[in-house]
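Common to both upcoming complexes is subunit A, partnered first by subunit B, then by subunit C.
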Partner chain A sequence: MRKYLTLARMQARSVLAYRLNFVLSLFALMFQLFAMLAIWGVMLGSGRNLNGFDWGHMRAYLLVGFVCGALVSQGADFRMAGRIQDGMVAVDLTKPVDYQRARFAEVVGGAWTELATALLVCAGVLLLSGPVPWPGVPDLALFALSLVAVLPLKFLIVYMSGLVCFYTQNYLGVHWARLIIVSLFAGALVPLSFFPHWLQYLAAVLPFASMSATPALIFVGQLHGGKALALIAVQFVWVVALWLLARLIWRHAITRVTIHGG
Partner chain B sequence: MRRTIRLYRRQLGAHLRAALQYEADFWILIGAAALMQVVGVVFLGAIFAKIPELNGWTFWEVVVVYAMVSIAEGVGSLFFEGTWRLARKINQGEVDYLLVRPYPVTLQVMSSEIGLNGIGNIVVGSILLGLGVARSDIHWSAGNVLLGILLLVSALVIKVAISLGTNAGSFWIPGPYSVVGYGIHQVGELARYPITIYAIGVRLAISVLVPFAFVSFFPVAVLLGRGGSGRLGLLTPAVAVYCVLAARWAFNRGLRRYEGAGN
Partner chain C sequence: MSIIEAHGLTKVFRRPVKREGLGGSVAHLFTRRYSDHVAVDGIDLIVEEGEAVAYVGPNGAGKSTTIKLLTGILVPTAGEIHVGGVVPHRERNANARQIGVLFGQRTQLWWDLPVRDSLGLLRDLYDISDADYRARLAQFDDILELGELMPIVARKLSLGQRMRADLAAALLHRPRVVYLDEPTIGLDISVKDRVRAFLRELCADGTTLMLTTHDLGDIEDVCQRIVIIDKGRKIFDGTIAEVKDGFARQRQLHVDFASPVDPASLAALLPEAEIEAGIDVPAQGPHRDFTLRFDRFRLTAGEVMTALLSVGEVADFRLDEPAIEDVVRRVYAGDLRLAAEASR
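Now for the complex of A and B:
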């Protein structure tokens, strides 16, 4: 355990050393958020209410989506991809730590800066656009629990997409494909209830909604009590299932390692 | 001039052959880029299904604005991706090699990479543009067709010039990544939608400070005959000329500061 704590601590510091990269990586998400806020601002102007969202709730929903999007966003996959492509992963393999757990430890270590920066952006948006409705204490507790599940879940999706590098040379395309699929099915920019039914069903059986829509819906009060608990359970089931799946993929992927010369 | 174009093509061709070595990556890149544009429109569709107008713009009119940015980014990636490698070249001192070759440094930089993802952007962007234009109320007289082509070309030039000018910021801000270029590029994403939805400060920033709105919103407003915005949009070719001159000035100023990367 201590080994992993050290890894987490190292990553937490390294983020500070490369703060510029970090801020830039948040830029894309930020401007996406601003554009969506502007669009919804017009659509929900003059007190309009769509699918149970008024302007205040929609802002809260988008901000929670933004925070979830910012988690595990600062290139854990690019670090992995780079090391897999140039063969440095061979060095990782010789270390007496479990590869998957080590990467998770790094992600946890980096998460505090992601969270802090995302909250800073949220505070800025709230300052400019006014307060949003706040959930009651029980819902807030459920929200926190749901948010906790987002971190390992997102890590696993990012981690598995990084493993694809054992099979392809270029990671950028895989990275984009993941971003798009997640942004569509997680419902971070447009709540899933706005989509056609078939897309909603598809989103319901995929793990991505657990990465953003579940905590966001709890926060804006569209999910309560039993229903919220059930969806939080779904989140944790996905964490376990994907953790095991990632292990399976890893076991196959390392058989493909070719290390060139020395 | 012919020599310049021929060499540019050959340079890009060499990078194309290199990129095609990895066939799976080729398809993943193009597919991902295409999907990205499609998903953006799916979002718009989901929102417009509830309310048919955004500040007086219909769904298909917004799709045209959106598609203009897709195409402009696609053209930028496919033909001028090297622009985004400038920071690394400066950081590694590779501009030294460019300076001794008998070919404009700007063009050497711009052709030093090919972004195949641009194919996905251009294909999907063109389809969206076609669909949107067909479903929007545009009167296609011969004059309007010519105007449309002029506006499209000007818009593409503006986008590429902005990329070059902002990436030249790497001459002042060292580091392997193009901080200025990338940061400002993200601001440009705001121009995928009619800019009237933003606060006045944002509107001014993306039409005057860095004229992204002239890549998409203003040219489209001209063809749709949108009063004030439409009349402003007639300035698009002039803005294009201005952007090219400004980008060239910034690049050359930066190049004079360049002093290699040590030994």
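Now for the complex of A and C:
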């Protein structure tokens, strides 16, 4: 356990070496947030209410989505993909650590900058656009629990897409495909209740809603008590299932390792 | 059981075959064709504890692939491997604890952290006690002058500095088996010497060493045993002395006479030697410079000198000893088939 803590601590320091890169990549997410705020601002202006969302709730929903989007966005997958493609993975494979746990430790270590910056942006938005409705203490506790599950879930999706590099030598396409699928089915841009029914069913059986919609809906008060707990349970079931699935993929991927150039 | 045991070790890579041009690339999308490339072809290798083995061969011979199989990075297509009783690619963690690996072209330091932090991280990864860690660092500082590198961020190290730090990183946990893939690549002479001295010391302490290199100085300075492979197959396995006695027998003597000498008279006296005109002289007729090549088991240098002195006054001479380098160079060039020669 100590070695994974050390890996996390190291990554927490390493991310600071690329401050500028970090801030720039967050800009992209921020523009997306501002664009969505502008669109919903027009649609929900003058006290309108759509599918149970008024302007205040929608801002809260989008901000939670933004925080979830910022988590594990700092190129953990690109680091992994790069190391697989240029053969540095050879070095990782000679260390006495479990590859998946080690990568997770690094993501946890790097998460603090992502979280801190995302919260800063949220504070800025709240300052400019006024306060949002705030949930009561029990819902806030549920929200926190749900947010905790987002980190391993996002890690696993990112990790598995990184593993694809053992099969294909180009990562960029995988990355973009993942970003689009995740932000659509996670309901980070448009709440899932706005989707046509068949798409809602599809989203319900995919793990992506657990990565953003669940905590966001708890925060805005559309999920309470037992229903919220059930969906949080679903989140953790996904964590376990995807963790095992990632292990299976890894076991196969590792037989495919070819290291070029010495 | 020996520390490294490999039997019939084979690794086949599948490579996509694409026909030429855009048409070929498009065709590849629909009908995939592959060709098999056998990188390592049925290699048997037994290494005893404390041995230092040089593993050499021309580019693309399968050296690095063998190392990656032995370290558990690659899964073999066929054959068996045991390192310290462990199957490396199955028990990756157990294997990782007992081995140290240095890939000369890849660093294992954390790129964005000072060397000190990288080593500290490795201490935690390998569960090294603080006392042991300090003792080890002191030792490295003596030989590799590590102290001055400790506060520097890895990406700012020069190649020589990086290699020293990487060596320390590979050996921090006192591994039983150390694989070094091109450990002195790009190093200057003084650092090279220091690294080699360090490797000798390591070996004397009972560490098993396996070294792939193109630098034949590494081999002669560090190893007792040499394994030569070509096209994935082992073509020689024996001591350095055996290679030299068996194949590096040719000495070269460069001689400079005070006055021109007829090559024919020299040839008459030394029928066993190959006589060649020196540089910048006509190939025919009398001249002063000669190069003589002779088998050191058939002619002694004394015999050659006696003959030379009998035909004229020798102004100057120089004797080149055969080096392992010559053998390997001839093997690489395909001039020498070791397996065939050895069976003669």
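Following the convention adopted for this analysis, the second predicted complex is superposed on the first by the 261 of 262 C-alpha atoms of A that agree within 3 Å, B and C clash if a C-alpha of one lies under 4 Å from a C-alpha of the other, contacts with A are read in each partner's own complex, and residues count from 1 in each chain.
Rule of thumb we're sticking to: contacts are C-beta pairs under 8 Å (C-beta built on N, C-alpha and C of every residue); 3 or more make two chains touch, one makes a residue touch a chain.
Here the structure is a predicted model, which is why all the values come from computation and not from measurement.
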Exercise for review: State whether subunit B and subunit C clash or fit side by side on subunit A once the two structures are superposed.
Suggested key: fit
Check your understanding: A:239 contacts which: subunit B (first), subunit C (second), both, neither?
Key -> neither
Check your understanding: Should A:105 be classified as contacting the first partner (subunit B), the second (subunit C), both, or neither?
Key -> neither
Practice item. Between subunit B and subunit C, point out the one touching more subunit A residues. Key: B
Check your understanding: Looking at the overlay, does A:39 come into contact with subunit B only (first), subunit C only (second), both, or neither?
Key -> first
Exercise for review: Mind working out whether A:158 is in touch with subunit B, subunit C, both or neither, as first, second, both or neither?
Suggested key: neither
Check your understanding: Regarding the shared-chain residue A:13, is it in contact with subunit B (first), subunit C (second), both, or neither?
Key -> second
Check your understanding: Once the shared chain is lined up, is A:95 touching subunit B (first), subunit C (second), both, or neither of them?
Key -> second
Exercise for review: Report for A:81: first if it touches subunit B alone, second if subunit C alone, otherwise both or neither.
Suggested key: neither
**Study point:** Minimum Cα separation, subunit C to subunit B, after superposition on A (Å)
**Key:** 6
**Study point:** Overlap of the subunit B and subunit C footprints on subunit A, listed as residue numbers
**Key:** none
Review point. Inside the complex, what are the residues of subunit A that reach subunit B?
Key: 20-21, 24, 27-28, 30-32, 34-35, 38-43, 48, 50-51, 167-170, 172-174, 176-177, 179-180, 183-184, 189-190, 194-195
Check your understanding: Residues of subunit B touching subunit A in their complex?
Key -> 22, 24-25, 28-33, 35-36, 39, 42-43, 46-47, 49-51, 54-55, 117, 175, 177, 179, 182-183, 186-187, 189-190, 192-193, 197-198, 202
Review point. Given the complex with subunit A, which residues does subunit C contribute to the contact?
Key: 13, 64, 68, 71-75, 92-93, 96-97, 99, 101, 103, 105-108, 110, 112-113, 117, 120-121, 124-127, 153, 181-182
Review point. So in the complex, which bits of subunit A are touching subunit C?
Key: 2-3, 6-7, 10, 13-14, 17-18, 87-88, 90-91, 93-98, 254-255, 257-259, 261-262
